[in-house]
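Heads up, the next two complexes both have chain A, just with different partners, chain B and then chain C.
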Partner chain A sequence: MATIVNIKEEKALVVKDFEFTYASADTPSIKKLDMPVAKNSITALIGPSGCGKTTLLRSFNRMHDLYPGNRYDGKILFKEKNILGPKIDLINLRIQIGMIFQKPTAFPMSIFDNVAYGMKLQGIKNKTELYDRVEKALRDAAIWKEVKDRLKHDANGLSGGQQQRLCIARAIAVEPEVLLFDEPTSALDPISTAGIEELIIELRERVSIVIVTHNMQQAARVSDYTGFMYLGELIELGRTEELFVTPKEKLTEEYITGKFG
Partner chain B sequence: MNAILDKLFLNTTKFIAIAVLLIVAWIFSTLIEHSMVSLEAFGFSFVTESKWAPNLEKFGALPAIYGSVVSTFLAMLLAIPIAIGIAIFLSELAPPKLKSLVGVSIELLAAIPSVIYGMWGLFYFVPIIRDIFGGIGISMLTAGIVLSIMILPFMAAVTRDAMNTTPDILKESAYALGGTRWDIIKDIVIPYAKAGIIGSFILALGRAIGETMAVTFVMGNVHKISLDLTAPATSIPVTLANEFTEADTDLYYSSLFELSLILLIISFTIISVAKFYFLRRKRSF
Partner chain C sequence: MTHTQKRVLLNNIIMTLSTISAIIGIGFLFWILGILVINGVDALSWNIFTQEGAPPGYEDGGLKHALIGQLMIVGVATFFGVPFGILAGTYLSEYGQKSKLAETIRDVSDIMMSAPSIVIGAFVYAIVVVPMGHFSGWAGSIALTIIMLPIILRTTDDMLQLVPSTLREAAFALGAPKYKVITQVVYRGAKAGIFTGILLGIARVAGETAPLLFTSFNDNFLNTDMMEPMASLTVTMYNYATSPYEDWQRLGWAAAFILSMFILTLNILGRIFIMKKREK
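Up next, the complex of A and B:
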């Protein structure tokens, strides 16, 4: 079975005996998976395409529920509650577990409205509160200086890297406890990528982060823990520096040394 | 040899493509040529004069223009909210099976020849309008309703297509912030697809304003501007369909051609606005 390092920190998420089956598939895409996610740290998920890392990530905020017929089995515990249970309020869950996608997804509205959107969904109408929180989120996402004079402009006028930071600002504006990053820099140039990585590391103090990446160097640069997945299973989860230097599993070693993938 | 064939192929297709432009120009010039007698006789007053009296050789296009505009406006007013509702249901809410079933039915409805809408309107809607609103039932209102039913499937289908262009990842981002389906529809899908939706409405408007057979049965061909929607009226295509066979003088004949020229210009303008302003390709995700 999988080699899973003992995590000393509190746990933000605990995956137990988890299986996921897509509507169109006969066999599960994720099989009997157990995995802890440490609080206020960064956990990277790596593995070859189709290994199930994005599928697992999208289970944490029940994104699969948007498409009918997908099935979850097992448990994912968040604050001691199973988020796969039938009584879970998905809207509330998604406010607490935010997500950043592969491509920047600026909404068709102004920069200000993009960042304020999550708060508006929660019914916050007070103008000064909205403004203060938008400003804070944009500062925290290190984009305030670039956009402060054009908050009313269409967000689609920003560059890709700026848009991705805007999306991060939008996600942290609602003060989530967990942030999921799904290959957040795959559509960005190296300089924007470096900026986003720096930002992710800073965010660790306030949120627990899970990041899916196809880029092993990125996992090594930003994460505290790294999980290696293969064919729908978690093969190894370890402290990042240990996993990359002294992997316990043969498959992990073969993957990180480039023998397959 | 291959190079020659290639060139031949290129030139043949080029010729066919240019032929389309020539046909459009040809139609335009024919209409202008046949309109000359009327253009010279009435000048600009043709479009401002509301008297249409063939026996007195007096021809004013205003009632027909008014009828075209008002019946189309009524049709749009009735069809737009329903089309948006259908499109929202089909693109965002319906389960996949229902989506394709209703989607296909709507496309089938759009394939019904307009003369059938006209006959159906005459035998079905005219008595209903007569019973509810009085009058003879053949009226501007009836024409508006029949037109709205006729353009509805097209509008719903194109609006749905426009909404379907909203990238999933954009919708997912809004769901990921805790949005409900309704939030996503009103804040993401409709704003994103806005240009396409408006464009499809304008294309539908273009169809409605030139529609002939669906309204000829139910409008009445009465050249009189009346604010009473239950009174019979006429539109440009209705006048053309009813009166060409009766045009016994050069001026009458030419006036009808000038009417068709006006219709062509209106249609061209509408389609151009829709194509060049609203239906430009958007950047893709």
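Up next, the complex of A and C:
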């Protein structure tokens, strides 16, 4: 059984008895997983490649539904509702639970249109409101100064780090409650990485964050809670400083000391 | 002879042979273009664009009827072929994906792409011209649409598949419904590629003669009624070039020149778009 620390904060997400099976697989990639995600804090998921951390992350906004045949079992509670249930409106869910991907995913349109995209989807047409919220999102994503004079330019002209911050601006512009980060800095240089990490820490005040990372130092630097996954199971979830200094599980200790992985 | 000398000699022989082959190939192309330009430009005059066909012996015959007929037949084919092809390509890439139906459509359209165009002309003759009782511009457009369709369908399919799936996921993750993901994000990403496909599709059908012989047939005078037989540059060129009259033959050269320049321009534009896309 997994060792799960008692979380004092309110919970943004509660995973219960969760299993996930890919269409092409016979056995589940995630097995009987229980895990709370604390509200307004940063939860990092670490573990060796193929442990299921990205699979779990992509279950939180039902990204797996884009490809036919994948199966969820168990429950993931968000605002006391099971988001795996049949009556869940996926569009509504994804507005509330945003996602940032490994590689920057700037749309082939202008910087302004990129950030306004999510708001336009929600039917916001008022130009001043759009402009104000785009500016605020870009400021919050710490990229306003760099792009304010070229909002009409193609977003693909930005550097990788700038594009990733643009994607964060686009995601926070719709004011989600949870943001999922899937290895957001693995395609970036160290300076851009530091910028994104700083940004993630600042965002904690407004959203609950789950971040998947291959980089244990990154988990240690940014997160409040860290979950260690191995072979589709959650081995340990603890406060980050405790998990890295005094892990309760032997597997966790072996992983963070580099004995495997 | 040492081993190295042998190797250098062999290399030189192969290099010479392949260079000569390349020059011969390109040589033919420039030969064709050269003769076209010499005879074509010589035959060009204002009359070509302002006058309709005239009986042999009349000096003021032109190609106005064929130019307008050509534009109408190809234009109508494009009007139907492009949206149809793009929608079908969208189905393959975004909805059908790797399903059996989608794979079958891909195979069939690949076969259609290499089907002799005269066969398609005969097909349209049987299903349109025979029931109608006469040749018509519509029949010509239908034949060209059928030829154009697989080209646009497959380029659209290929170009949409080149758009990274993470871009689609990112749009879905913002709460976009599927049709908006396709029309607002995926199409934009594939814009240049799809446009190139359209240009190459038009270029392909604009030079077709065989299917038009069976369908739109010909008319030596201006006709803009698509229900009636219609002139086209290709069929007119065929008729004039094979006639014994010198002034008709000159008009044939002019038609060949105009047609070649049109198709060459489309192809060059298509290439420019592809190159621009690569630069990004």
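Everything that follows uses one rule, which is that the second predicted complex is superposed on the first by the 261 of 261 C-alpha atoms of A that agree within 3 Å, B and C clash if a C-alpha of one lies under 4 Å from a C-alpha of the other, contacts with A are read in each partner's own complex, and residues count from 1 in each chain.
Simple rule for what comes next: contacts are C-beta pairs under 8 Å (C-beta built on N, C-alpha and C of every residue); 3 or more make two chains touch, one makes a residue touch a chain.
Note that the structure is predicted; figures quoted are calculated from it, not measured.
Q: Judging by the criteria at the top, classify the pair chain B and chain C on chain A as clash or fit.
A: clash
Q: Could you tell me if A:Leu33 is touching chain B, chain C, both of them or neither one (first, second, both, neither)?
A: After superposition on chain A, A:Leu33 lies in contact with neither partner.
Q: Quick check for you: in the superposed arrangement, does A:Met63 touch first (chain B), second (chain C), both or neither?
A: Both partners, chain B and chain C.
Q: Does chain B (first) or chain C (second) touch A:Gly98, or do both, or does neither?
A: The answer is both, since A:Gly98 touches chain B and chain C.
Q: According to the stated criteria, A:Ile235 is in contact with first (chain B), second (chain C), both, or neither; which is it?
A: Neither: A:Ile235 stays clear of chain B and chain C.
Q: For A:Val212, decide between first (touching chain B), second (touching chain C), both and neither.
A: neither
Q: Where on chain A do the contacts from chain B and from chain C line up?
A: 61, 63, 66, 91-92, 94-95, 98-99, 101-103, 105, 107-109, 117-118, 121-122, 167, 170-171, 174
Q: How about chain C: which of its residues touch chain A in the complex?
A: So the residues of chain C touching chain A come out as 164, 166-177, 180, 184-185, 188-189, 191, 280.
Q: In the complex of these two chains, what residues of chain A are touching chain B?
A: 61, 63, 66, 68, 91-92, 94-95, 98-99, 101-103, 105, 107-109, 117-118, 121-122, 167, 170-171, 174
Q: Residue numbers of chain A touching chain C in their complex, please.
A: 61, 63, 66, 91-92, 94-95, 98-99, 101-103, 105, 107-109, 117-118, 121-122, 156, 167, 170-171, 174
Q: For the complex, which residues does chain B have touching chain A?
A: Residues of chain B touching chain A: 95-96, 167, 169-180, 183, 187-188, 191-192, 194, 285.
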